[in-house]
Structure formats: C-alpha cells, structure tokens
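Same chain, two partners: chain A is paired with chain B first, then with chain C.
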Partner chain A sequence: MDNLNLPQHTSHRYNEELEDVRNRVLQMGGLVEQQVTNGLKALLEFDSELGEQVLNADHQINAMEVEIDELCTQVLARRQPAASDLRLVVMVIKTITDLERIGDEAEKLGRVSVSLSSQSRRPAYYAELRHLGEHVKAVLRDTLDAFARMDVDAALRTAKQDGDIDREYDSLSRLLISHMMEDPREVRNILEVSWCARALERIGDHANNICEYVVYLVHGKDIRHTQSRSE
Partner chain B sequence: MDNLNLPQHTSHRYNEELEDVRNRVLQMGGLVEQQVTNGLKALLEFDSELGEQVLNADHQINAMEVEIDELCTQVLARRQPAASDLRLVVMVIKTITDLERIGDEAEKLGRVSVSLSSQSRRPAYYAELRHLGEHVKAVLRDTLDAFARMDVDAALRTAKQDGDIDREYDSLSRLLISHMMEDPREVRNILEVSWCARALERIGDHANNICEYVVYLVHGKDIRHTQSRSE
Partner chain C sequence: MNSFTDAALPATDSTATTKEAPDLDAQLAKFTGTVGNVRVDNAKMSMTGVDVHYGDAQAIHNVDLDLGKNEVMAMIGPSGCGKSTFLRCLNRMNDTIESCKVAGSLTLDGEDIYERNQDVVLLRARVGIVFQKPNPFPKSIYDNVAYGPRIHGLAASKSELDDIVEQSLKRASLWSEVADRLDNPGTGLSGGQQQRLCIARTIAVSPEVILMDEPCSALDPIATAKIEELIDELGKNYTIAIVTHSMQQAARVSDRTAYFHLGRLVEVGVTNDIFTNPTHQLTENYITGRFG
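Showing the complex of A and B:
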C-alpha cells in the first residue's frame, strides 16, 4: 500500500487489523479471478466437470464477502478510523460487493458450460467469445493489481479499457443477432453464447467500479459517473 | 424507524445528520421508483418522449449516490457511530449502490423504448412483459416501504417474492426463445423484449439485496446467501 502512505498507528493491533482486511480482500480477489478463469475455460473447452466445480465454489466467495463485511464493521466500531483508514474500510465494503457479483457472473459461465456439455459441436462465435473473455480476464487482473498496490495511475488506465470491452461486446452481440436471424435452429445455442458475453461484459463493469474505488481511496475524490464512464 | 429504537443521542446535530442520511435514501428510492415506472410505461406505451426523459434523469440518481456516500463517510469520520447507528450507515452505503443499479436498469428500459419507437407495431409478449413489470414494481415499492419503516417482517416477506420473479422471468424467456426459432424475422424485436425482461429481473435482485440489508440492520444478522436466496 506504498502509494497510500497510511499513517502508522500507535496501536500495533489496529495496524494488523487493517492489514488483515486488506489481505482478505486480495484473497477474495484471487478466488474470484480463479472462478472467472475456470468458468471461461469450462465454457470454451466443453469441460462440464470444471463447470460444476465453478458452481460448487461460489459459496466460498459469498462466505468471504459476509466475513469481510463483518470485519469491516468491527473495525469501524472498535477503532473509529479517520481519514485514509476510514476511506479504506468504506472502499473495501464496496469492493467486496463487486467481487461477489463478479463471482456470480463466473458462476453463470460455469452453468452454461454444464448445459452445453450435452451438445455434439461447439456453438458458433467461440473465437470471439474467447477473445472477449481474455480481454476481461486481463482487465480483472490489472484491477486486482491496482488494488493491491493502490496504484491510481494503473486504476485509471484499467478503467479506460471498459469502453473497449463494451464495444467488443456490442459488436459480438450484433454478429449473434444476425446469425440467429439467418439460422433459427441455432437460436438457443447462440443465446447461450450471448448470455456468456453479457456476463463477461458485466465483469468488466464491476472491475471498472473497483478501479474507481481505488482512485477514490487514494485521491479522496469520487470519479464515479464522471471521467471513466463518459469515455 | 420505529422498529429500530435508535438511541437518542446527546448531540442533537448528530440525530439530525442520521435523519438526513435516511431521508436522502428515501428520496433517492422515490426517484429510482419513478424511473422504473416511467421506463416501463415508455416501453409499453411506445412513448419515446418519456423514454428520453428517463435517459436524461439518470444522472440525478448517480449524483445522489455520490452525495449520500460522501455524507456517510463524513458521519463515520465525525461521529464515530457505534452499534445500530454504525450498522445503519454501513447499510446505507450498500443500499444506495443497489438503488443506483436499479436506476441503470430503468435507463435500459428507456433506451429500448426509444429504439423501438420507430416500429410500426408492438413486438410480441407485451402482456407478459407488463405482468413481470408490474410484479417487479410492486416488489420495489414494498422494499422501499420496508426500508422506510425498517420493518424486518415486511423485508423477509418481500425478499421471498424474488423467487416468483425469477420463475416468471424464466418462463417468459422460454416463450421468447421458442418464438425466435419459429419466426426469425422477429429475432431483433424479441431480443429487445428479452433485454427488458432481464432488466426487470435484475431490479428484483437488487430489491432483494436491499431487503436483506434491512434484516441485517434490524437483527444485526447477515442473511445474505442463506435463507432468502436458497428458496
């Protein structure tokens, strides 16, 4: 947390508590990233076993959210943090909501991989879906890095990529619609691809939110609904 | 806030601040509810002017979220609330995130109403969409009532309806898919209906989250990812 220069607290225990909160968010972020990676892999490689694994792991993310929330409330009650410590706790409360929802989107990828596993051949547009998925994964990784290092520049740079993801998603959506119109027998499969693309796009949105919280934490300035979203 | 029995604070100003936070959330909730009502009306009545109005009003909701967030952080810093006051502030920070996202979904309804306004006739399944919309609106109203009165029983009762909304959404989705397969020329229109149904279903999810926060606030017990979602 070099860029933040959090003040050293007279209470050693307090420092440990804040560090604990931060470490748990990073741990939750790691698990969420793993779920997205596995969900996408299960989907693209028709690996319904891995898909099931993603479905079964989601409760861990939910439990971590509840746990970190509780920890934050305790820190607020016992330590009555001020200034950047307070902003850190508020920011964590928001961040874990977005992480949990990224987990929900990853779960959707897992669910589709299970429902598609009975198919004999891949639905169309898997290449495009893979491309979108890799892009979203990279943005998520950069977001969690920016969080870990509390790096505003990296957060702003990463937030800017959300527009690219949205455009990629829009162009894939248009392709999918055309395909459905041309080949109605494929509607059901193409719709599954479309739900997955939507899930990936939403993961990008949540990552964007987290980047904005990093900027808020370090600069004490709320950029939501202003710069990064208007681009 | 009768059911909460918040302690009376020695500082009159502090009481006013907490009351102010609560009132602003109710005000934001009212605006969000209006946006959902208008978005749905614009969509169902082909009123693209009303749809434009919804698009133009969304920034107000965003601004309210940022404002209430800032207010909460100030209260945490200056008043160092404990116990139920602290839970109220944490709960408000979460609630306004969901309200803002309900606003985003309402905006989608407005956007589709504008894009459909050039059509000469209604896409199919408007009756089903209206039914789902009225259900979601009722749940949102009950949610905001439960929040205003901090009524746990009402919150639990309302949260239970989310399962009904999900089922209604699933059955509408199946209808839409069959229709697309039978009449490919309608794919584009039906997909618009499908996005709107999805937006309504997500509004139900966000309302459900808020109900869970009400329970957390009053009981100090976190029911997320447990009771209401497993039903």
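Showing the complex of A and C:
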C-alpha cells in the first residue's frame, strides 16, 4: 500500500469521526504555525505586544490537544480501529503531543521577546537568529503540508533538514558565546537569545518526529531511531 | 488548509458508497494471487490448489495454505467468502453435502485426507470440529464427553473413561462448574457451558487438529472470553483453525490470520502484521470496515 487511497468506510459516522480528528489536527497545526511565526516576529522586532499575544494564545493549543486526545480515545473505545485507521489514531495522538510542545517553545519566544523589548539596538547576531528561525518555520510548514497530504516523500525530505537545523543552531551557539566573552554586560540578554535558539532547534526536532509519524501512517514502518549518527 | 481533508481522503463518488452491492468484478480485478507466505516449516496440515464446487458454482478457487503445528490460524472474510467451506474441507464435513466437490491436495501429516481408503470417522477423530451453535447430544454431561472415547474404544475400563471425561472437562475449563452434576443433561447447561462441553467432547478423543466454525457467535462476552482463554490454552498442544466474524477475536486469539474474499485466499500473515499493516488493499478495506 503506497498511499492511503482508500474507499470510504461502510459506517458514515466512523468516516466523519476520523475526518473530524484529522481536521482538528490540521487546525491545531495551523494555530501552532501561527504561534511560531508570531513568536519569532515578536522576538526579532522587539514587539512586546505581539509577544504578549503569543503568551495569551498558548492555552488554545493546550485545549486542542486535550480535545483531540479525547476524540482519539473515543474512536479507540467505540470503533476499535485496525490497520491504517489504527495507525492514523496512534500517529495523531503522538503528533498532537509534538504540536503542543512546539506551542510551548513558541511561548518561550514570546516570553523572551517581552523581556528583551526594551532593547533599542538590534544586536549583530540577530541575522543568524533570523536565519535559523526562518529555516525552522519553513521546515514546520513543510511538515504540516506533508501531514495534510500524507506525503511520504515530502516527509522524508523535510526530516532530512533536521541535521542542517542542528548545525545552524550549533554555529549560532558558538557565535553567542563569543559575543558573551566580548561583552560580559550583555551575558544576561544573550543567554535569553540562546534559549530562543534552543527553542527553535527543539521545534525542528518536534517537526522531525511528525515527519516520522507520517511515514509510519502511510507505510506502517517505524523509522524512528534508525538513522545513523552521521546523518 | 482545507486542502488537508481533500488530500487525506481521496475524492470518492458519493454514489459509490451507497451502492447496494459492491462491484464484484472490480474487486476480483484487485486479486492477483495470495499475498504472504502460505507455507510454514512445521506444517500439520498442508493444502494445495484446493477448488470447491457446489454443483456448478465454484466456492473456493485454487487455495494453498498450511496449518502449522500448535498454531492458531484465524480465517476471516465477509459472508460467503468461502472460509467456512474451506474449514469444512479439512475434516471432510463437506462429504455430507451431495453437490459439493472438493479438488486439490489436502494432507494431514503428509497423508492425503481425501484418499479413497481414508477412514472418515477416524479422520474426524483426528481433526475435530466445534460448530457455531453448541450442539450437545441429548444425553448426560458425562455421556456427551464419553461418547467419542467409547465409539473409538479409547478406554479399557470405566475408571479410565472417568479419567478421560474428567481430564477433557478440565481442559475445557468446565470441570469445576459441572463436577457435581455429571448425570444432568448437557442441554440443561448455559450456552457458554454447552459450547465448552462441545469442546470437551471434541478433545476427549485426543484430536490433533481442532476446527472451530464461529464458536462464539452465539455466546455473551464473558462466555466468549472463556472460550478464547481456552483457545489460548489449547493452542499450546493442538493445531487450531478458527473461522470468525469478529475481527477483534481473530486479532486476540490467533498466531496467523488468513483473509478470504470471493472464494480466494487474498492474504495470509502473522496476525500482528495483518491488523496493523496488511499488504493487500482488499484486506485493508475489510478489516477497517470499508467496502469499495
């Protein structure tokens, strides 16, 4: 089975339930993507108002996680799904955990943006931070797209980018350390930025997990922890 | 974002799902031979090229399948797919239907069970069967179990027969419930107890293979759980083939699962794989409750 090109269930209601689950995951994905975009923007543009907005919106993501979790439990209890339906429910339960954590990371960006908003001058390392942020945003977007289309090729392509993100994060970390050594008065602020870089890197990891779930859903193959360290 | 649902759920003609009968030709076109490994290393029974006709109608088409030693094999599929017909070939129960003709090779320990000089009564002692509806004889509980050993001359004395009856009832997990009323009629037991009595009757003649044709479909969940527990236990010493309409039951009790459709054996595989990641689309459609 190379794709999930399946006919509808005999039970219309079952169809609707699974469709509802999928729709809500995508809604949640959209919300999470928006939070990351806003969090990053607030951070890079010293926009504390937008940062506050990100902080205030996180509870929506948490609520969606609980709601989708409950829906999945109901489907498991009432329908005893098998094969691709079972894999869908299992991967959704995992996916929403990762999405919720991405939401938490976005919240961190928002929080730091509020505490750094008094800065007037854009530090030199912000170009690298923006670059990392844009890359992570693109990976998240591609991940959600691969999920929406159940596109294994896209998921594998996107998952491969996690290594690049890790390298960008490492190089940004080194840059931040050198700035801290140059100007110890800035250590507190730079540490905050360093946590944001870490949050972005973690978002990449969560996106990578979701890509792996897409492969599991479509092929029934668990590819987690199968890549060698060099990859 | 709305493209998500469109992409995930392929656009299907809404009339297709409401059609009365699925398009059989289209489904047959998807069948190009059995998927999965039909053979096992330690086969107890081995079937090759089995065709079954009822008069002019062909019910089973060229099925190859092994039943391994001490293996529980579940046979699933929609009504009329031939799974019961196939099961009944394994101890020649189909001989009782005049219009039924079985062709192909069916062997038990390498011996052809359809050979002209095969003693069918002996075959059915070696390959026992339990039916959908419990069918105890209108005799006492004791006599129900003792019947087989008596006609096959398996007990030399009354005490030996008593022993066989007790052991069989114990193995069927019924002993503790009937030990003090062995002279009561078997038909007076509850449905679940009757079915376990029939299983005790089957195992009293020390069969090598036990066939079960929807053994739990007339039972409540508790009685079903007891039979399933029994299948688990019996599977350690016997080869068991069970036909069931309950996919959860197949998933719970079997080591391997065979999916039949329109008289063809579509897919055979390890039960864990069949229920999480089947290979053939017809299998996927059936176990996920889709028909198209």
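The definition used in the following text is that the second predicted complex is superposed on the first by the 222 of 231 C-alpha atoms of A that agree within 3 Å, B and C clash if a C-alpha of one lies under 4 Å from a C-alpha of the other, contacts with A are read in each partner's own complex, and residues count from 1 in each chain.
Here is the rule we use: a contact is a pair of C-beta atoms (placed from the backbone, for glycine too) under 8 Å apart; a residue touches a chain by one contact, two chains touch by 3 or more.
Only a predicted model underlies this, so the values are computations on that prediction, with no experimental measurement involved.
Chemist: Now for A:Glu182: first (chain B), second (chain C), both, or neither, which partner does it touch?
Modeler: first
Chemist: So in the superposed three-chain picture, is A:Glu19 touching just chain B, just chain C, both, or none of them (first/second/both/neither)?
Modeler: second
Chemist: Which partner chains sit in contact with A:Gly30 here, chain B, chain C, both or neither? Use first/second/both/neither.
Modeler: A:Gly30: touches chain C, not chain B.
Chemist: So in the superposed three-chain picture, is A:Ser84 touching just chain B, just chain C, both, or none of them (first/second/both/neither)?
Modeler: The second partner, chain C, only.
Chemist: Is A:Thr97 touching the first partner chain B, the second partner chain C, both, or neither of them?
Modeler: Touch status of A:Thr97: first partner only.
Chemist: Of the two partner chains, chain B (first) and chain C (second), which one does A:Ser11 touch, if any: first, second, both, or neither?
Modeler: second
Chemist: Looking at A:Asp69 after the superposition, I want to know if it touches chain B, chain C, both of them or none. Which is it: first, second, both, neither?
Modeler: first
Chemist: Chain A residues touched by both chain B and chain C?
Modeler: Shared contact residues on chain A: 80, 82-83, 86-87.
Chemist: Can you list the chain A residues touching chain C in their complex?
Modeler: Going through chain A, the ones touching chain C are 1, 4-12, 14-15, 19, 22-23, 26-27, 30, 79-87, 147-151, 219-221.
Chemist: Show which residues of chain B lie in contact with chain A when the two form their complex.
Modeler: 59, 62-63, 65-66, 69-70, 72-73, 76-77, 80, 82-83, 86-87, 90, 93-94, 97, 177, 180-185, 187-188, 191, 222, 224-225
Chemist: Considering the complex alone, what residue numbers of chain C touch chain A?
Modeler: Residues 1, 3-5, 7-10, 12, 16-17, 247-248, 251, 275-279, 281, 283-285, 287-292 of chain C touch chain A in their complex.
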